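Each of the next two complexes has chain A plus one other chain: chain B in the first, chain C in the second.
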Partner chain A sequence: INHIVHNGGLYKRPFNEAFEETPMLVAVLTYVGYGVLTLFGYLRDFMRQWKIEKCQNATEREEQKDFVPLYQDFENFYNRNLYMRIRDSWNRPICSVPGAKVDMMERVSHDYNWTFTYTGRVIKDIINMGSYNYLGFAQKAGPCQEAAAKVLSQYGAGVCSTRQEMGNLDKHEELEKLVARFLGVESAMAYGMGFATNSMNIPALVGKGCLILSDELNHASLVLGARLSGATIRIFKHNNMQSLEKLLKDAIVHGQPRTRRPWKKILILVEGIYSMEGSIVRLPEVIALKKKYKSYLYLDEAHSIGALGPSGRGVVEYFGLSPEDVDVMMGTFTKSFGAAGGYIGGKKELIDYLRTYSHSAAYATSMSPPVVEQIITSVKCIMGEDGTTIGRARVQQLAENTRYFRRRLKEMGFIIYGNEDSPVVPLMLYMPAKIGAFGREMLKRNIGVVVVGFPATPIIESRARFCLSAAHTKEMLDTALKEINEVGDLLQLKYSRRRLVPLLDRPFDETTYEETED
Partner chain B sequence: QEKEELIEEWQPEPLVPPVPKDHPALNYNIVSGPPTHKITVNGKECINFASFNFLGLLNNEKVKSAAQASLKKYGVGTCGPRGFYGTFDVHLELEERLAKFMRTEEAIIYSYGFATIASAIPAYSKRGDIVFVDEAACFAIQKGLQASRSNIKLFKHNDMADLERLLKEQETEDQKNPRKARVTRRFIVVEGLYMNTGDICPLPELIKLKYKYKVRIFLEESLSFGVLGEHGRGITEHFGINIDDIDLISANMENSLASIGGFCCGRSFIIDHQRLSGQGYCFSASLPPLLAAAAIEALNIMEDNPDIFQTLRAKCERIHKALQGISGLKVVGESFSPALHLQLEESCGSRENDVKLLKRVVDYCMNSGIALTQARYLEKEEKCLPPPSIRVVITVEQTEQELDKAASLLKEAAQSVLN
Partner chain C sequence: MDVKRSPQGYLYWLFCQFELITCSYLMEPWEKVLFYSFNLAIAGLLLYTAYVCLVFHLSSAFQLLWGFLGNPRENALSVVK
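Up next, the complex of A and B:
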């Protein structure tokens, strides 16, 4: 369904999101493919059980053979028979900075991916379309790296204590003030791991007797945080505002399931950019709903902070909304800032509460000082406070790259999911054999891509996912596009039945970002 | 109509309740500069008795230069999880070195110490399985157990008789329903050195119970890795137990190794499973390479100087003896444990008042140059909340004079505040 929505003034710019339907023939062939693989899987398991084929799995100790088996046989069926065959597309070891071009250690397998050996050779200069390096801050030289090196020699690498005990350094305070200023909120708090930020703070905010409305395709960390909190969880269809409204109405009108008492709080969990779909949340509508039904909004900007918005301040700025409307703004520093960790921003009461009651503040070690310094320098660069315009240039370069890349892929005839402005580009593969083939063919042509299949995606919707970066130059994108075109023809991946008329190649669409004067 | 009215009338609670300004956990100590042996807390220069820097590697020049070299080669972040171009050769090297050091087949690294055990337990123990866990287990273990949705059975701290009683009860349950028993997995989760009490777990008896009742053992060695044992290999070396008898050893690298992150080690049969089902491993960015390089160098130092463990234990014994007999405070913890607790001998009635009293003791010591901290807990979230206490941490860098000074200062503080 392809739609362009202007929606009565809520949206200040066109919102183009498309998820083309799977062609029927392709769906059927995909199911057939999985069916054949499953049959072969059973056959080989049978042969392994009867010792006709050698079993190469690691096995239990002799002394513990009469213990209850640790894994159920069926649990590992997928692992043994499908994942093992194409396992070389994942966990590829690299040995250089994960920038626009990366060096990979070559590895071969002589026994169909059960074990790998490293030949010792290094494949150099692979175009990296897999790392989350949106603004190109993964650099081994430059102002960020120099600042981090200075802090490393002064402070050391570790901290050895928690925030509430002796681990709160002056660097952490500086970082939190800076992040709060960057986001436009009253105050912020930073944590050592993005995953843990979600899974340890959602339980601190909601508990039993509260309701969580979470999007269908939310990340594992949000799902884990929601589960650990003990609140009731209800799921609405991906980015579907009618589904969300219906759930909100039902919740307030009917109350808690058995006792009919009113809910204590309602929390809506959404992400800025969904990394598997490439879609952007419909934030103006979500905020309108939130205000109407008096619920709270938790926005996870893991992929969108730094990547969207004219000055890189994320999805809130992209839609021209005020950060005060979002109750809890969460994000990570791993993707656009080239560091590690997560943050939560919001009103001062919220952050004070989290400082006291967050699981991470009381029990987990605080962030490492050089990592903190990297974030401080990169945030200052994006805001333009280091005196250069590098930050702004990178944000614009990323937007330009996104538009160009997506348009060219659509012109070639691939099915691309997601919003036109999202730097995450999923290209549909569907069939299980093509997952492995695509990954390997692209590597042969010196391009590193990420392919994903079940269980991260629905079983027939496997895809290849490209992550664009401000560090990619137009030449690199053109090389990549040429190779993708070739491989697409080779593997017959051009499923789209809707051909876009190729535009004359305009390098930058001037209407993308108007300069807004506040 | 009436639905609209209901929607109009409903008032939610505020998102967060207000926090009183003088809440003890709200005002953090601000450390200016590196949190090493000599530390500047809130503007005062003190000797550090609060950071878990057991082997003094936080300020070690070799570790720092290894991290610098890594920073120059790889930058800071890894920009991806392990599955998607986030696996660096330093990660693979660190995993190999850890496996070799602990003499196991394989090791796996996490980028956050808390997430290590909290992701490892739910990878193996699912709904319907049974886990026997010590009452004094740390919060990370409790969160891992909560995420696993298994049946939790708590046994009294270090009480093997209580554990055996629970195991026997489970055995009689099994005999009633043998089909279910054949697919229910059982685990015991214990810590080597308990963070909350400073005690050591009786591992030889646990091994006997393991084979008698067919339960698997998960051992959490955050405090004992790099402290116990002749070469610092932890509690298995301390008791001389074959490491293959323990199914999974998990530890964090934030204490002795002075880095960030954690690891699990064991046989490949067990560890390999976490590479696809450990949530904190698959869905989270990998450890920054400079921290991995710092950990490798720290391991090198540990292997080259095996006598620091003996030195550390001697210092622990010394201060343990020196702190006995302070009126009003009792020492909780083994004599060779580098992380002790000082609890009030008699509580004043409410936990809040106890905490305030201990804060005065801590402030007295900080004003005179010894940095201490109270052990922080989330009071409402812990299953078995330990009593309020002051945490005393011993590191190799502290000299004998400093240890004596700390002990005498604590005596003075206790005298003036508690009497």
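Up next, the complex of A and C:
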């Protein structure tokens, strides 16, 4: 039975999220595996240092051996000894459009992943379960591609300037008005790169004397932007509203650390869908807290725009809330729109301020015109303004695919994290050898998956992350599920004990949370 | 790495699981040789110790147990002394 939360009627639909606990035996065996690899890592490092083995990784020069060592920390150790062994699952070169099926160049390594050579063969029609192609707009034929080709012949590819100088095209203005209408906000601004949108605009919004409350599992771009701003950062537990409320209360009551003055601004940083966990933010509760404690909300909808909500307008529509409650709505065009770039939407005064003071507007090259046209066409398609119902059908197809895929995987017995409605599906692998084995076995069966290990996830919780797409037909999903079932039996990945752990909604007290000291 | 119906296939599958859990699946051949020989040496020592000492330990434990269960009066006298 799912633990359904109805916090005073804030949720209009059931919120089913589950993170099954790691089985104890699996955790112990994972540590055993890492222990063995660490011992062999020390052995190999010893052999490299005493020149018994050829050293193929980066080292300091002979003259620098007496300086502070550069490659002795854990990350470099992990890189040399663990990551190198399974490196062939990443950076695989593809040579076609990353749609539902993709072509990949075959490569082999003769010296255990230190160097790769291409055999020249191209593996065709690999079912693509790794690309962020939620609505299937990564196409090489169709209305988006034709419009982009026309604009390419009209405007060219390069802009050769920043937004503030000579790079503000009429296409950008058209795009921003369209995005603002799509989101239901007053005004919006588009940037060339999604990562840069976060990292360059958060410093423009907050500064010293402000407080940032950021989720534990926020993306690197949000963390970088928060650190660059110079504000005080406090972390609350992932999606845990009691933890957030405690931090807000403390902030209001105690104020700034030394002087006890009130904070100039309190900004809450959350994401719509967290891509490593597949969880959806508890937006109704965050908005209720934000209103109660008079703080601001920055919502990063990188993965949820286009993917959630009955008409694809993101997590705000999914929960049935008003976009005016979110102060800064940020998102990217990379995932659901088949292009590249990011946007920020909000009140007109905010966006006008960002046009002047954002680093990305002042220093970064503006978006390329064909990319802008791709976004314009795809947004119009989703909204239904191009006269067809393709957009709506795609959003519904994605929702159906998500529910079907998740249900089937859970029935098979895998541990799947996250919310029932999120198109990002993490499947837990845990053991380091299984990361490499899963990637290789799935490629042998013509399915491309993304496997993730440390440092993107905690060291024992490595996973395979499937990204569903509206372009996946049911036959493709069935094929993929059959292969995943086979590989799951082969590698013994079906850890689930079918015991649903209820969500942590117990009342929050002093004994369960350690406060970080400033 | 296919059929696990036949006993040979099942043993091979078990060996693959061992390889995956101890990460010897990822090791180069000479590392595998080193690792397996170390494991076999430890396992051999354990078996030898079990063979030599287990019989003696089991029989002495059995005697002690028999002493406790067999004669309750003798046991009480020995405790008083």
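As a working rule, the second predicted complex is superposed on the first by the 478 of 518 C-alpha atoms of A that agree within 3 Å, B and C clash if a C-alpha of one lies under 4 Å from a C-alpha of the other, contacts with A are read in each partner's own complex, and residues count from 1 in each chain.
To be clear about the criterion, a contact is a pair of C-beta atoms (placed from the backbone, for glycine too) under 8 Å apart; a residue touches a chain by one contact, two chains touch by 3 or more.
Note that the structure is a prediction, hence the values are computed from the model and not measured.
After superposition on chain A, the partners chain B and chain C are seen to fit next to each other with no clash. In the superposition on chain A, A:159 makes contact with chain B only, not with chain C. Set against each other, chain B and chain C differ in how many residues of chain A they touch, and the higher count belongs to B. Looking at the shared chain after the overlay, A:148 reaches chain B, while chain C stays out of its contact range. Of the two partner chains placed by superposition, only chain C is touched by A:86; chain B is not.
Of the two partner chains placed by the overlay, neither chain B nor chain C lies in contact with A:383. Of the two partner chains, chain B is the only one touched by A:219; chain C is not. In the superposition on chain A, no contact is made by A:27 with either chain B or chain C.
Taking all C-alpha atoms of chain B against all those of chain C in the superposed arrangement, the shortest distance found is 20 Å. In the three-chain superposition model, chain A touches chain B and chain C at no common residue. Chain C meets chain A in the complex at residues 1, 13, 16-17, 19-28, 31, 35. Interface residues of chain A, counted against chain C in their complex, comprise 29, 32-34, 36-37, 40, 85-86, 112, 431-434, 436-437, 490-492.
Residues of chain A that touch chain B in their complex: 58-61, 63-64, 66-72, 79, 83, 90-99, 102, 105, 128, 130-133, 137-141, 144-145, 148-149, 152-170, 173, 192-196, 200, 205, 219-221, 224, 227-228, 249, 252-253, 262-266, 292-296, 327-328, 332-335, 337-340, 349-350, 352-357, 359-365, 367-371, 374, 448, 450. Of all residues in chain B, those touching chain A in their complex are 3, 6-7, 10-19, 23, 25-26, 28-36, 39, 41, 48, 50-53, 57-59, 63-64, 67-68, 71-80, 82-89, 91-92, 111-115, 124, 138-140, 143, 146-147, 181-186, 211, 214, 216, 244, 252, 254-255, 257-260, 267-270, 272-273, 275-276, 279-280, 282-285, 287-288, 290-291, 294, 371, 373-378, 381, 391.
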